[in-house]
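Below is one structure, written out as structure tokens, with a few remarks after it.
Chain lettering (A, B, C and D) follows the sequence in which the chains are written, and residue indices restart at 1 in each chain.
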Amino acid sequence: MESMGSHREIVDASLAIIPLCPLVGAMVAYIVGQKQKDLAGWIATAASTLAFLFVVKNFFALGTNQVLLDKSFVWLSVGNFSIDFAFQFDHLTAVMCLVVTGIGSLIHLYSVGYMAHDESRPRFFAYLNLFLFSMLLLVLGANLLVLFVGWEGVGLCSYLLIGFWHKNIAFAGAGRKAFVVNRIGDAAFLLAMFLIIMNYGSLDFMALSRVMPGETSEGLATLISVLLFIGATGKSAQIPLFVWLPDAMAGPTPVSALIHAATMVTAGVYLMARLNFLFEMAPLAMLVVCMVAGLTALVAATIALVQNDIKKVLAYSTVSQLGFMFLAAGAGAYWVAIFHLVTHAFFKACLFLGSGSVIHACHHEQDMRHMGGLQRVMPFTAATYWISTLAIAGIFPFAGYFSKHHILSALEHAGAHNPQLFPWGVPLSYIATFAAILTAFYVTRSAAMTFLGSYRGHAHPHESPWQMVVPLVVLAGLALVGGVFLEGALSLQHYLGHAIPVGDVHHGESMASFSFLLNALLHSWPGFLGVGLALFLYTQAKEIPGKIARAFGPFTQVLANKYYVDELYGAIIVRPLEGMARFLWKGADQAVIDGSVNGTAAVVEISGELIRTTSTGQLRHYGFFMFVGTLFIIFFYMAL
Amino acid sequence: MSTSSYLTISIILFSIGTIGFVVRRNAIVVFMCVELMLNAVNLAFVAFARHHGSLEGEAAVFFVMVVAAAEAAVGLAIIIAVFRNHRSIETSDADHLRL
Amino acid sequence: MNIFFILLSAIALSSALGVILMRNPIHSALCLIVNLVAIAGYFALLNAHFLALVQIIVYAGAIMVLVVFVLMLLNSKLEEQKSAGLFMLVVSSVFAVMFIVHMSKIYGAEFSTSGVASASLQGTVANLGRVLFTQYVFSFEASAVLLMAAIVGAAMLAKTTPERPRGDGERV
Amino acid sequence: MAGVGVLVLFVKGFIVQQLTLGLASFCTWVERKGSALIQDRVGANRAGAFFEVGDLLKTDNVLLQPIAFVVRTLVLAPTLALVRFLGVLGVINTLLNDALKALLKEDFIPEGTSPFLHAMGPFMAVAPVFLAYAVVPLAPDFVVAGYTIRPQVVELNAGLLFLLAMGSLAVYGVILAGLTGNNKFSLLGALRASAQMISYELAMGTTFATLVLVYGSLDLYEIVMAQAGSVMNWGILHGTGIVSFIILFVVGMAETKRGPFDMPESESELVAGYFTEYSGMKFLLFWLGEFAEIALFSLILTIFFFGGWHIPFVSLPEGVWWAALVGHAVLIGKVLFFCVLQIVIRWTLPRFRYDQLMDLGWKILLPLSLVNLVVAAVIELSLK
């Protein structure tokens, strides 16, 4: 494996402006929003758009084999160890930043319409901008610590936004759950950072990429990699820490689209791509990643089959798709993971925004059983939702096809450069294919239940305002042509090749050739299968799904209850912890600590009673004591 | 004159200011005693500056004057505010924060 | 020079005593003005001409005017009614004398010369300006901010609420 | 050598003191007679105006008659004619009769105040003004008997600051007068006057800073010398000089508490403001101090903006005594012009209201002078 950092040219640039835009935007939006609530959304949108423009500027400024670097200041310096507050902008960062700010801006615009009637929208937009700031820190950071600040920042914003409607206890609880579950992953992340500092004395990506390959034992690399991956499972909702993401749907839908589909949850994938040199040295860790990811993709897809809440379907779908990304990353095809990350951001954001539009139209009804036939009243929403459905199903020529196809082929060829993976590559690709069929099925199911048939609810649905429709159309357009563009025009593999290892670049066949088209349509078979089956079952033979469910009664029950994971965690983790906490509360805290604290307080109170006689309230006395005290000090030092 | 003469004068002025601060009750007089002490210190600063042949002492005096000006503005405003509430500027009357 | 020093010392010390001994605060203030001018005289003797003039402008011309102004505003009941605490006077005087004796002993031992004649002290306006704007430029700017804050604070504190009913004869 | 120096110092001090009093007297006269002119009345013209030679020195002694005649025609008559002339002009009334009246009047000291402080009032009002004259250069250097003499009592290199210091001390005269009057009117007058003086001192200080920036010196002599040569070198035509001049002129009028700014002693409301309780010579001292201050401000304006003793397009030889004399005359001529201008304004414009006065000081002159400082700094930088 060649070291990618060695021959890259470092160019000074001012990158700090990019995260500063949303940070300033957050403050201004909140302050201005106190007086002018409607203005807050527009300010926040403008701030994120400005950040997007700066990213575009840097995107064009970034030359081949260059990396832009901005050392803002020395953050902390202890002995030989010092960390700069530095930003770095290479081709990987460029792609991430474009996704984050681009989709972020669209979702800000969408939120202006979606939150138009909420009382505390200035707070919402401030949080949203703050999230964008943290996310940009995460992807722009030139070392692990800055990345970690962003990592924690997005976690915080996620918590704040999930619990945005904090008056609802359940929603606030969902936010707390997300935060606590993330903590577990973060602890592992911290341990990994400590290990890196201890062994290499630096957290800088470029320095690490130079130093690490030479002097790392496989055991250490595996340990660090696994710890980092545990961190990633927290943020990116992989087994076993995925439980928070479905609950996170309590937040406003734009939040789900931005944070819990397009950007924050992909941080783990980004982390792996960024630290590829580390994972390369730990084949065993890669295997773990692949196994966990494959399991996640399958399990989440099966759960999604039976959900009736439109957002829950999408949430489990996200978990499953993240599993796909980790599968690619685990197989060593980091650029494919990023590719899927980008296309997923397009179509999943579009799906979420579409669901938001539907929910908005149905007066906050989320149960698909009370929808249906919305195609007639919401033509734009329906059309964009269908496009995204086909995209996620992986049907040529929609965006999802390309990335999914690459994942499957990467898995098949995984053994080529990771011998540990060899026996598992093909089975994993079968699992992935099966998950892809399920994906196509459940998404089509949700679309069919929502838009086809006749309306089963009681509200009066209507098309959403233009602020919400425009982002939908743009994102659907991206879901439609994004894959072709990234594969053909930009050639993502070649482009990312400047920053991360991508294997052999195929310049092979032209996309216009007939054989390519035929091949592509053939490889879309899982998508066609899933979509066709779902359409058949939910439009023609509506009684069959019920029969199936009854036939597999216990299994359906298991699925509907999400494999009892929450209950399992409750039994083996939460309840013992509660018991211990209660013991500590009653036994340790109240008896020992409170006792000593109260004792101290009593001592202080008694001595205070005594000393307070000197507090006469007379300025002259205080002045006199000061003078005498000063005299005492002078005499004392003169006597020495 | 030797530097010590100036310093001695400065010390005596400072002590007089301190005695005034402790003994007098009128807030404005107390305030003036503080000014007296500041001036005594200024004198010492300038004397030291000349003794060491450097300008640091004089720069310090400059800043003391700035602070004294700020103190005068705020201090007198406080005294006026106290007078409005208490109808008195005796320092011994303003003891409402005593426990 | 000696004669000037002795003269100034007599003025400075007697006026300083006047500040704390005069019953009428107006008289105290006037004594303090004399004292400040005397200290400006010391500054002039010590070759700090710029500081001497600034001392007069700032202390005598601005601060003490403010003090006297406030005394004029609060004209009534300014005489101290209660007798000054004799106990405090005696105790603080004892401590003060200890302080004076001790410190002057130290000073007499260590600073008995008149110091070095330095070229940097010549033409002090330009030189002091140079020091202030280079070495102490941050403190200089900070003091500007301090003054600004003091102005705003003083205005806030001394402001009367405009909706106070008129005819409240006792209020000043 | 030291003896000569001290002698020169005393001579200079004496001359400047006489000059001050002369200028103040001139202003007093212009005030009396000029106001009459402006108000279309005759004004003081009685004192000394009715001296007739008449029966003076009339004698029956035949022998003495020729001598008496000669004395009457050659000495007495011209003298009396001059006195009559001056009397009609009001000079005698102003300079002699007023002074005599003041000297002979009862020196009234109000009850319940300290006589010492009461006497300090007029002293503190006059002393800083007279002291301020000490640093003002009055003519170019000249050489007498090998000594180069600078017609300036104290050669202080921070003369500008000294002016400012003395200006800030002048407030105490007013304050003392108001406090020792033991009288509501004088207290109110003193409050008004001191507030007014403090307010306008800000604009004055800022404008002085502007001037220091423009001339690059605190030394008044150097400031005058910087304006030598063409008229274009005069301060008023240099950069924002015209703005500085207008500010300083208005501030000068306000600092002297005259003209349209005579709120402190507005007779119709406050009897006579802070010197209500003063009579006789003490009252006259306030009067004198006021006029000395008018002349001082005229002097300052001349020195800062109108080239001091420089004559446009004429360069006097250096170091010659007569050149110094001519220069001095030119300077005094310019000063007298400004004195008259101030008095004319005082008798032409009506009085401000108190809030207008404060608004002018705080809301117009102070911001204007701050902007002026910045603009002048920019201009100076761009010229360099």
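Rule of thumb we're sticking to: contacts are C-beta pairs under 8 Å (C-beta built on N, C-alpha and C of every residue); 3 or more make two chains touch, one makes a residue touch a chain.
The shown structure was predicted, so the numbers you read here are calculated from the model rather than taken from an experiment.
**Student:** Which is the least count of steps on a path of touching chains running from subunit A to subunit D?
**Tutor:** The distance in steps between these two chains is 2.
**Student:** Among the chains, which has its CA centre at the largest distance from subunit D's?
**Tutor:** Result for max centroid distance from subunit D is chain A.
**Student:** Quick one: report the Å distance separating subunit B from subunit C, using the average Cα coordinate of each chain.
**Tutor:** Here the centre of subunit C sits 6 Å away from the centre of subunit B.
**Student:** Round to the nearest whole Å and give the separation of the Cα centres of subunit A and subunit C.
**Tutor:** Their C-alpha centroids are separated by 64 Å.
**Student:** What whole-number Å value describes the gap between the mean CA coordinates of subunit B and subunit D?
**Tutor:** Each chain's C-alpha centroid was found; their separation is 37 Å.
**Student:** Based only on mean CA positions, could you tell me how far subunit C sits from subunit D in angstrom?
**Tutor:** Using C-alpha averages as centres, the distance is 31 Å.
**Student:** Tell me, which residues of subunit C touch at least two other chains?
**Tutor:** Answer for subunit C, listing residues that touch two or more other chains: 50, 54, 62, 73, 85, 88, 92, 99, 103.
**Student:** Spell out, as numbers or ranges, the residues of subunit B touching 2 or more other chains.
**Tutor:** 18, 22-25, 92
**Student:** Listing for subunit A: what residues touch at least two other chains?
**Tutor:** Correct list: 620, 624, 627.
**Student:** Per the touch rule above, enumerate the chain pairs that touch, sorted by label.
**Tutor:** Every touching chain pair, ordered by label, is A-B, A-C, B-C, C-D.
**Student:** For subunit C, which residues count as touching subunit A in their complex?
**Tutor:** 85, 88, 91-92, 95, 98-99, 102-103, 106
**Student:** Subunit C touches which residues of subunit B in the complex?
**Tutor:** 1-9, 11-13, 15-20, 22-26, 28-29, 31-33, 35-36, 39, 42-43, 46-47, 49-56, 58-59, 61-63, 65-74, 76-81, 83-84, 87-90, 92
**Student:** Using the touch definition from the top, list the residues of subunit B that touch subunit A in their complex.
**Tutor:** Contact set of subunit B toward subunit A: 18, 21-25, 30, 91-92, 94-99.
**Student:** Spell out the residues on subunit A that touch subunit B in their complex, using ranges where they run on.
**Tutor:** 612, 615-620, 623-624, 627
**Student:** Where on subunit D is subunit C touching in the complex?
**Tutor:** 114, 117, 156-158, 161-162, 164-165, 167-169, 171-172, 175-176, 178-179, 187, 190-191, 194-195, 198, 201, 205, 218
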